[in-house]
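Right, I'll just put the structure down here and ask away after.
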Amino acid sequence: MTGNDGNERTDSQDAGPTAGPTAAQDRRPALGVGMVGYAFMGAAHSQGWRTVGRVFDLPMRPVLAAVCGRDATAVRAAADRHGWAAAETDWRALVARDDVDVVDICTPGDSHAEIAVAALEAGKHVLCEKPLANTVAEAEAMAAAAERARAHGRVAMVGFNYRRVPALAYARRLIARGRLGALRHVRMTYLQDWLVDPAFPLTWRLEREHAGSGALGDLGAHIVDLALHLAGEPLEGVSALTETFVRTRPLPTGAPGGLRAPGGTGRGPVTVDDAALFTGRLASGALVSFEATRMAAGRKNALRLEVNGERGSLAFDLERLNELSFYDGDEPAESAGFRRILVTEPDHPYLEAWWPPGHALGYEHTFAHQARDLVHAIASGTEPEPSFADGLRVQRVLAAVEESARKNALYTLVHTPVSP
Amino acid sequence: MTGNDGNERTDSQDAGPTAGPTAAQDRRPALGVGMVGYAFMGAAHSQGWRTVGRVFDLPMRPVLAAVCGRDATAVRAAADRHGWAAAETDWRALVARDDVDVVDICTPGDSHAEIAVAALEAGKHVLCEKPLANTVAEAEAMAAAAERARAHGRVAMVGFNYRRVPALAYARRLIARGRLGALRHVRMTYLQDWLVDPAFPLTWRLEREHAGSGALGDLGAHIVDLALHLAGEPLEGVSALTETFVRTRPLPTGAPGGLRAPGGTGRGPVTVDDAALFTGRLASGALVSFEATRMAAGRKNALRLEVNGERGSLAFDLERLNELSFYDGDEPAESAGFRRILVTEPDHPYLEAWWPPGHALGYEHTFAHQARDLVHAIASGTEPEPSFADGLRVQRVLAAVEESARKNALYTLVHTPVSP
Amino acid sequence: MTGNDGNERTDSQDAGPTAGPTAAQDRRPALGVGMVGYAFMGAAHSQGWRTVGRVFDLPMRPVLAAVCGRDATAVRAAADRHGWAAAETDWRALVARDDVDVVDICTPGDSHAEIAVAALEAGKHVLCEKPLANTVAEAEAMAAAAERARAHGRVAMVGFNYRRVPALAYARRLIARGRLGALRHVRMTYLQDWLVDPAFPLTWRLEREHAGSGALGDLGAHIVDLALHLAGEPLEGVSALTETFVRTRPLPTGAPGGLRAPGGTGRGPVTVDDAALFTGRLASGALVSFEATRMAAGRKNALRLEVNGERGSLAFDLERLNELSFYDGDEPAESAGFRRILVTEPDHPYLEAWWPPGHALGYEHTFAHQARDLVHAIASGTEPEPSFADGLRVQRVLAAVEESARKNALYTLVHTPVSP
Amino acid sequence: MTGNDGNERTDSQDAGPTAGPTAAQDRRPALGVGMVGYAFMGAAHSQGWRTVGRVFDLPMRPVLAAVCGRDATAVRAAADRHGWAAAETDWRALVARDDVDVVDICTPGDSHAEIAVAALEAGKHVLCEKPLANTVAEAEAMAAAAERARAHGRVAMVGFNYRRVPALAYARRLIARGRLGALRHVRMTYLQDWLVDPAFPLTWRLEREHAGSGALGDLGAHIVDLALHLAGEPLEGVSALTETFVRTRPLPTGAPGGLRAPGGTGRGPVTVDDAALFTGRLASGALVSFEATRMAAGRKNALRLEVNGERGSLAFDLERLNELSFYDGDEPAESAGFRRILVTEPDHPYLEAWWPPGHALGYEHTFAHQARDLVHAIASGTEPEPSFADGLRVQRVLAAVEESARKNALYTLVHTPVSP
């Protein structure tokens, strides 16, 4: 045991700073969660839902009510593995369950709109994975549904989980406080390398009909949302280049599943981008650059960003997610420098509930933080962040990127409807 | 959602790589866990026990049976918070429970020996926090009890959780494979800073009767265990300096708890070391240096190590726990360099069960890994690592350090009894 | 003294690895250098010329013959300070000197063409600071003059000195050997911050008539040259955004010099860009991004680049110029990682002449390396790199950038004339 | 050209910030330098002497008068190569020259005392490479000679050049200003790897009679001097372990030189340490650790240090010598972190004379800085730092280290004579 909690020898006298009421006294309302999909994102969301109530003080008591997937045996196994009480094979049945208050959508983008709208119309709260949808039209329908549901006290959140990395939440706090002054540059990259190998198979993520786009929607959506969130202002327009370096790939082997006929041994066309490179201007005139790629050898999860303002700068790398680099331009030149802040102090966002300073958090903690914030929003009836409107805003940027790419990189305004 | 799992659109067809049998079919035996203590370590162990079966394929099914603490209300709250089915106020009652197969000891060091020996004699498996004990005599008694229990198929493990940081488990693998050749230097530091402030109060960790020693037992025990584990050979002897920079501190306020009369507003003497600095030689002749301190301003959890061998070197920093730095001396000089390995590949220890490459793990994952390895050891009846004998070995080093410090740093052999 | 030269106790027996013939025996031809301008670049070039013959074995003997500037007193002082034998106040007189074989042009861009063409026509070799010129037309005239001079055995080099950072010369070597495979991404930034302060005065570098452009020509020219040099292929086209964040600045105080009337206390318009952001495609289809700015708070000289190929990646930061980061994708995933190569080994470019491994070089060494390579080119009559043709190529990219910026970021082809 | 000097277009009007008087007006006295030895250190000192007057404003005009070595041909070649006007083959002749005011001793340690004492007695100033001598007795004689010479206005300096790394000079400034508060820990390592290969030959540096000691005197002397200099207080005592991992090595081939009979093909014993590990206490009670080794695979020149005080910390790595890492404990915990200060601002020590911010200096610059400070000390008649008394102080620590190592690491007081 290693620690700096000065009073640990109180194991039998007090319950520590995080303890809640005993079970018998727990009069907090239950909040039943129903999750659709249980692959990578499903596993991450499950860990978030299982953990959130053990770590944070919450106004409601999350219950892992049911999980949904098409194969009865497999979804039953997933329910057991991840701790969900029930299993469903039809998402409509899940949405219809009385014990489900929140529908958590972890499926590919082409099914988001249908499920989310139905769930909202059925009076459920919704948490939907990003990107919000595959098209602006779908995203508009979802945002409209969320708007209507708000009138009935239902909330909808989109899963841009990286906003909940403590270092990035703290970055937003510093910018909002004016510590950077007027922004000049926002520089966003999200680099991965899992498509470098040309023998990597043609999975659904490489097919436009299912994934909507490639690196753009998968990685680019994250950095667009973060840029807008951190800067706190909209993107005026973009100029974009996209590229598909490997144009055909081997069809995947094995049972491919419902949406795709069993593959032979041939190759198929990659119908999404491998990389997207775009620049733009924020409303304030700051310049922004974005790069999303799955072809950067050696970069495993390099969401890297830098923001430069008149008074200072911030830098971050998701591969070192417990750290934020901050340059305070108000310091004398002699002693100024980018400082590596370990974002693990009790004062930092979300950290009051975790471990002592210097004890690292990981990727999955963002899902517990997301669940925490959603529960608070539901309990208080306030609009969660990022809302479906935020998700739509990102979708409009992605659409402008694709339009600009088609128009030879011509600077293309991001559509911003006039509010009624 | 961001990922490189090529086949995620299988949400309704298959259960992903981690799914187990459905509940109805789950014929795995239950493994009841009873935990004593529920402060910082208790919270971390709880998270480990709650998570391990959700992530890893295990031969047994861990059940969080009961938690123990002296205050009935507080322990009940802790049970609810952390997910334990029952609460006990007497550790003897916990040990006596039929539904408890493993006793997990998360109390300060002065109670380890009594609880562990009783639990082993009662036929329970034991997981005991580090350091194993406050004295060599206690540790010997514990190791002897573990030895006797082994004859009855019971196992005992000491909680040097940092062995389970994937980067360090991988470091051990590289050394064991001979990638470093003959070792020349092992350099270990564990730096924290929570005692820099002289106004920090006199908690139990600063009292010899409860904590045994200061930075030496708290931090030094970790780096001694790691050095021996990584090198794979014993320490011949040590030369040590220790220091208490702040000799008195304010008594803690508030209800101090059972073992200490309510404090006044005065000050009390610090009876443990603030820092310990020691050097030594491994059996092979390699030189080793150790530094443990809680007075290194700005270092929050800087367990840093470097190992230099004839063929290469390794370096690690717990503040960046997903990374291992490796210098391969077999490379041509032109292209050789310390490489930063992100230890998040499926081939890396423990990683097959977690997230895609580049998705960081955190501090608490070590407790899930520890639980995983303990469950496997119990199921297979094999000696877990680190065993109580390993814990005793560390205790003997700590004793030699204290003896050397008393003898003006004279090189002092570490006692190594001849095996019968 | 710290070192690993095993045989240093030979101080009286041998002259070490770098010694040349004694002066009496030195039959190497002298190479007279005449330098125009003596501010920042002049000081750096002077250090290069003074040092090159002391460190490298050269086929000719560089002589610092004369330096030129308009103010007789000041240029005389500069000559004494920097070690030039004579001082001239008219560049035509310098070019006409018999003891000047090489004219080294360190003036602002608007005078490059006139001086360089005259010097070449007078039968001198020329080294010209970058960017080659302020316009494509000037650069074309210069390249044509260099082409004509080549027929008479005279050579011309442009001062893209960063090619001579050993780590970047080594990077080029690795790419040329195919260690990265087919390139996918080239990512270039050059960030400085000296214009962040809006009170910084309106110097010649902020006036289009003298500087040609702002960050684009000053910083962007370097990264365009490096990108083309490292990739070894031309840039097909670009899409660009440029911005001037601070539109007016205080006029400089003090005697402003010949080209500008003494300033009052007012403000004047900034007529160049503060930042330029552009993307493009290499001939092979690789995507390239560039960012040049003087408004990135805290970034003092951050020429950072990353190149990703099918087989590996490279990264570099001029603020740590002795290091190159290399990811070898041929390594097993388990042990792969970006390695930090200290580019100070005898096998590395230029390093055979300097200090033992690990002993850092600095910024100014690039000028000694540049001088070395120029002397060798002159002695052997081979075309130096980068040639004026290379400088023209960069100029055409800068022109395309400005054209694209005027056309709303429309993708604009870089003009590449058909060779006769 | 890349820069932030706003007024560079003044090439013909002013001479820039570094210009001195014209040659005709230069009434500064000449300062003739005579250097003994011309291998690695001789080359570095030559570069320092050649450069210092070109960069810094000095009260005297350094002249490279003569260099000395035993082989007439070789020393003549070295003189030409490095720019020394004359060559001598007997150091006594060099000392006797009228045009030599400063004797710069760059020979191995066993000749330092004889040359330095003779030079001081001949009325010369002396700069002597480190370590000052091979024994305390020699160092005492040298310090006494320096003391006597001071009465006649002659000064003596020892070449601990790393004090002149700007980042370390700035570190000293921060500590002296109290920015770290009371010191708790000083942690010094100096790691190299050139002896890792057991086939590396038995050069003079591995022979006690010439080198005095191994890593201890070569590398350890530097870190002892730096620790004392940075902390500003003496070392009370030390506890030490030393080791020679490779006990015999091949005899060097080739003409071995005057002091050693030509080697055969056999092996000889290494008579110095490969590594030295020692701990100690400063007078204030702060704990200090030192490690010097030439067996740390992959560490080329890793002089790394960290100083922790009550109010903050500093860290440095010679492989990144333009950076200083500073933790300011007065910052709020939320925004505190180690900041990477690029020590290239005009306010930083020695930097006013060099390049714009962010333009790196290298290893050799320390020798120009050393020369600068020595010239100022000579001109002003003040005691230079580090003096021979400082060199003796280091020698006494090294002697205590060797004594402690012989006594099984027993804590051994550093001899400190009572001042009269």
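Each chain carries a letter (A, B, C and D) given by its place in the written order, and its residues are counted from 1.
To be clear about the criterion, a contact is a pair of C-beta atoms (placed from the backbone, for glycine too) under 8 Å apart; a residue touches a chain by one contact, two chains touch by 3 or more.
Because the structure is predicted, anything quoted here is derived from the model rather than measured.
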Touching both subunit A and subunit B: give me those chains, sorted by label.
C, D
Note, CA centroid farthest from subunit A's centroid sits on chain D
Pair exhibiting more inter-chain C-beta contacts, B-C or C-D:
C-D
Per the C-alpha means, the centres of subunit B and subunit C lie apart by a whole-Å value of 54
Averaging over Cα atoms per chain, report the distance between subunit B and subunit D in Å.
43
Centre to centre, by mean C-alpha position, how many angstrom separate subunit C and subunit D?
33
Return the residues of subunit A touching two or more other chains; collapse runs of consecutive numbers into ranges.
299, 336-338, 342, 357
Where on subunit D does subunit A make contact in their complex?
170, 174, 326, 328, 332-342, 345, 347-348, 357
Within the complex, which stretch of subunit D touches subunit B?
180, 184-185, 187, 189, 191, 193, 196, 198, 239, 241, 243, 245, 275, 277-281, 285, 287, 289, 291, 293, 295-299, 306, 308-313, 327, 329, 336-338, 408-411
Subunit C to subunit D touching residues, read off their complex
1-16, 18-23, 26, 36-44, 46-47, 50-51, 54-55, 68-71, 73-83, 89, 106-108, 129-130, 159, 190, 192, 194, 200-201, 203-205, 210, 218-219, 222, 252, 254-255, 257-259, 294, 299-302, 318-322, 342, 344, 355-365
